[in-house]
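Paired with chain B in one complex and with chain C in the other, chain A is shared by the two complexes that follow.
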Partner chain A sequence: MNLLNKFMNMDRRWIYIITTICVIVPFIKPIGLPTYTTPPVKNLYDKVDNTPDGQAVLISLDFDASTLPELYPMAVTILKHCFEKNIKVIITSLYIQGVGIAQIALEDVKREFPDKKEGIDYTFLPFVIPQLSLVILGMGEDIHKTFPKDYYGTSIDSLPMMKEIRNFDQISVAISLAAGAVSRSWITYANQRYGASVAAGVTAVMAAENYPFLQTKQLIGMLGGLKGAAEYETLVEKKLNIKTRKAACIGMDAQSAVHIMMIVFIILGNIAYFVARRKK
Partner chain B sequence: MRRTGPLKLCLIGGIVMIIQFFIPHKFSKNFFDGIVSWLIVSAIPALVIGYYSISHLHLNKIKRKKEGFGYSIVTLSSIVIMAFIGFMWGIEENSLFMKIYQHIQMTMQATMFSLLGFYMASAAFRSFKARTPEATLLLVVALVVMFGRVPIGESVFVKLRLPNLIEWILMYPNMAAQRGIGLGVGLGMMATSLKIMLGIERGWLGGTGK
Partner chain C sequence: MSHDPWIWIAVFFTFCIFSFLYKDNPFYRFAEHLLIGVALGYQLPIFWKNVVGPKVILPLQNHEYWLIIPLCLGFLWLARLIPKYAWLSRWPMAFSLGTGAGIAIPLSLQASVFRQMQGTMLTKAMLSPSITPVIHIIGNIVMFVGVITTLIYFYFSVKHVGAVGKVARVGIWYIMLAFGATFGYTVMARVSLLIGRFQFLLHDWLGVID
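== the complex of A and B ==
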């Protein structure tokens, strides 16, 4: 009984220490467990992969640094996919802080694809106003009017790849990588109003909320949390034979360890609870 | 007039935009284009108001030396310093602005969010108990999803040749519940919009609605 009490009232710092170990050890010694692809990830991969000539993929990094570990690998791996397949990319952010992250992601991927040129292979659109629904509506009408200049101050009209891209009609898929409910705004305005194909990359806690939109095809695909990013990374590696550091897959090892630790703790906590209740 | 003017404008604007949505005529589309442009233009002064509001709030705190006024000094000086650095040396990659953003702000935000993981681990151990049948159901489903959403669990499911239980849970029971919540929220939004248009809900005017 004493031991049981001690366990149930364990100092929370022990839990913090065990959590820390479970996170750090897989990063030092990766386990490399395989990740299996789920249909929402495969659908998004196929949609990006089959982007026709004359169209572009739009990636909107609608998150800030707090959710960076989950969402940043998604941005990097989708960008790699597009650059490898010579698919034109429009990158932007509806969050002011996401612009800096988009810039870092772009520079990261460009190190592996140094031949990719601004205005020819990709366009980086700046943050315009803090009213995200208006920006999406504006893009649906005319991207050139909503973003007269790109992030570097060049006129959009003068960028070769933007000459034929005016609105969502020339966007094969708009992917919102979002920490909050921003992907809902993309569904409401870009998909419902303009018929654009919309996909989402969301944090694991947000993923469950998006399943109704997957069923209705309002979302053509979804990357749910770090697992979604790891699945996409695996697909890109397998199909395009790109061998680079797989940040999401390494992160998944740590997540596996922490999940197993939490499951064990919850089960032990419940056993202790029932034993204590019976003894009372 | 100060009260009825905005209310009338809101009612007329609301009705016009509802009608516009259902008319696929070119005139209707051009009208919508114009409205979107106007809205974008009118959203920009909101930034100025935002800066005024945050400065006013924190300056008052500092002047009156209210509790925690030191944080207000940090907030205001951060705004001024970052704006100054951005204007002086630009915001390109490797600029001082981006270095501060990447190595201070991003790190701080990521740290704050990461702390949640520790609290969640501790809270799950202490309070996730099968006290009632409903709690037991929640507990079992949560454990199955937690196990199945990571590679180690997936490998077990594949080796045992079990169907993709996790996708099924997310695609059917979860989706049904989410759709119910979504419908409730949607109806609530419609009701609130109508209340605003009809002047029943007046909180947006800045008063108490009386």
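== the complex of A and C ==
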């Protein structure tokens, strides 16, 4: 009974300490748990991989620093995939803070692909207005009018890769890496209004909400949280043989360890609760 | 260990935020306030450079004077600061609500209601083992039952007794399963953020992992 009381009244800081240990130990002694690819991730990979000539992949980094650990590895991996396969990329953000993150991601990936040139292999579009629905609708009409200049101040009309890209008709897939409900705006305005292929990379919190849109094919693919990012990293490594640091995969052991810890605590907590109730 | 001073600053603020796990303290509050200040400070110049400059000042310099109308409408938002003229702020609010609703409602209805209803409807092909794998057929039936029973649970014009009560009970089970899935994903998301910070500490700062 004494032990039961102690357990039921355990200081929450003990749980924090155990969580910390569960995160740190797998980093230092990796277990190497396997990551299986799920259909939503494979669908997105295939869609990006089969981008035809004359089209581009649009990546919108619609998040800020608070969700960086989940969404940043997605941005980096998709960019690597596109650069490795010589697929043209348009990078943008509907969040003010996302533009800075997009610039860091681009610089990170360009270190591995130094031959990629702005305006030829990729175009970096700046933040234009805070009304994200209007930006998406504007892109559906004419990207050149919505973004007269790129992030570096160069006229969009003068960029070679943008000469043939005017709207979503020349975008093979628009990928929204979103922390909030921004991916829903891409579905509503880009997919519903213009028939664009839309995919989402979302935080795990948002993943469950997005599954209905996969079922109706309004989303052609989805990366859900760190797990989704790890799956894409694994696919890129296996299929394209790119050997680089896999930030999401490295974290998956720790993720699994904490999940096991949570399951154990939930079971123990329930047992303790029912035993205590019976004793009353 | 890193020699980059920016990494050390980031480490200091990481520990400031982590210190809240022990208890509330001035270091945590300092980091929290600084975050809000920095975020606002970061946004203002970008907003000025990318929005106000090219969308307002430059066109006005090019004699596009019609922009004065939306500009004045925008300034009316500030009327809320003067109680006597606060009612003037209803005009831009009405304009924003009107245009926003006009753009959003038809498309949102189509994307989130009609397409979802369409996706829930069972067709002959969705139930035919020669066209659809058996596991997907089961999934389609489970989804169909889930949507109907959940909708019945939220239909409050009839008492939830008898047959309706039993169907609504099934709806509750579906809702509980949805809560469970959402909670599981939420745990995963929060742990991912913690993992991200520890990756930063162990990789970028201490350099003890690859």
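Observations on the model:
One rule holds for everything that comes next: the second predicted complex is superposed on the first by the 280 of 280 C-alpha atoms of A that agree within 3 Å, B and C clash if a C-alpha of one lies under 4 Å from a C-alpha of the other, contacts with A are read in each partner's own complex, and residues count from 1 in each chain.
Following the convention adopted for this analysis, a residue touches a chain if its C-beta (ideal position, glycine included) is under 8 Å from a C-beta of that chain, and two chains touch if they have at least 3 such contacts.
As the structure is a prediction and not an experimental result, all values here were calculated from the model.
Of the two partner chains placed by the overlay, neither chain B nor chain C lies in contact with A:232. Touch criterion met: A:204 reaches chain B and chain C at once. Contacts of A:260 after superposition on the shared chain: chain B is touched, whereas chain C is not.
By the touch criterion stated above, A:212 is placed in contact with chain B and with chain C alike.
Legend: residue contacts after superposition of the two complexes on their common chain; A:100 is shown touching both chain B and chain C.
Within the superposed three-chain model, A:122 lies out of touch with both chain B and chain C [touch as defined at top]. By the touch criterion defined above, A:269 reaches chain B but does not reach chain C.
In the superposition on chain A, A:36 contacts chain B only, with no contact to chain C. When the shared chain is aligned, chain B comes close enough to touch A:141, but chain C does not. Shared contact residues of chain A, touching chain B in one structure and chain C in the other: 16, 19, 23, 64, 66-69, 97, 100, 128-130, 134, 137, 204, 207-209, 212, 215, 225, 227, 255, 258-259, 262. Contacts from chain C toward chain A in the complex involve residues 21-22, 39, 42-43, 46-47, 50-51, 54-55, 100, 103-104, 107-108, 110-112, 115-116, 118-119, 143, 178, 181-182, 185-189, 191-199, 202, 208-210. The residues of chain A lying in touch with chain C in their complex are 13, 16, 19-20, 23-24, 27-28, 64, 66-70, 96-97, 99-100, 126-130, 133-134, 137, 148-149, 184, 187-189, 191-193, 203-205, 207-209, 212, 215-216, 218, 224-227, 245, 247, 250-251, 254-255, 258-259, 262. Chain A contributes residues 10, 12, 15-16, 19, 23, 31, 33-36, 38-39, 64-69, 97, 100-101, 103-104, 107, 128-131, 134-135, 137-138, 141-142, 145-146, 204, 207-209, 211-212, 214-215, 225, 227, 230, 252-253, 255-256, 258-263, 265-270, 273-274 to its touches with chain B in the complex. By the touch rule above, chain B contacts chain A in their complex via residues 32-33, 36-37, 39-40, 43-44, 46-47, 93, 98, 101-102, 105-110, 112-114, 117-118, 120-122, 124-126, 128-130, 139, 143, 146-147, 149-155, 158, 164, 167, 170-171, 174-175, 178-179, 182.
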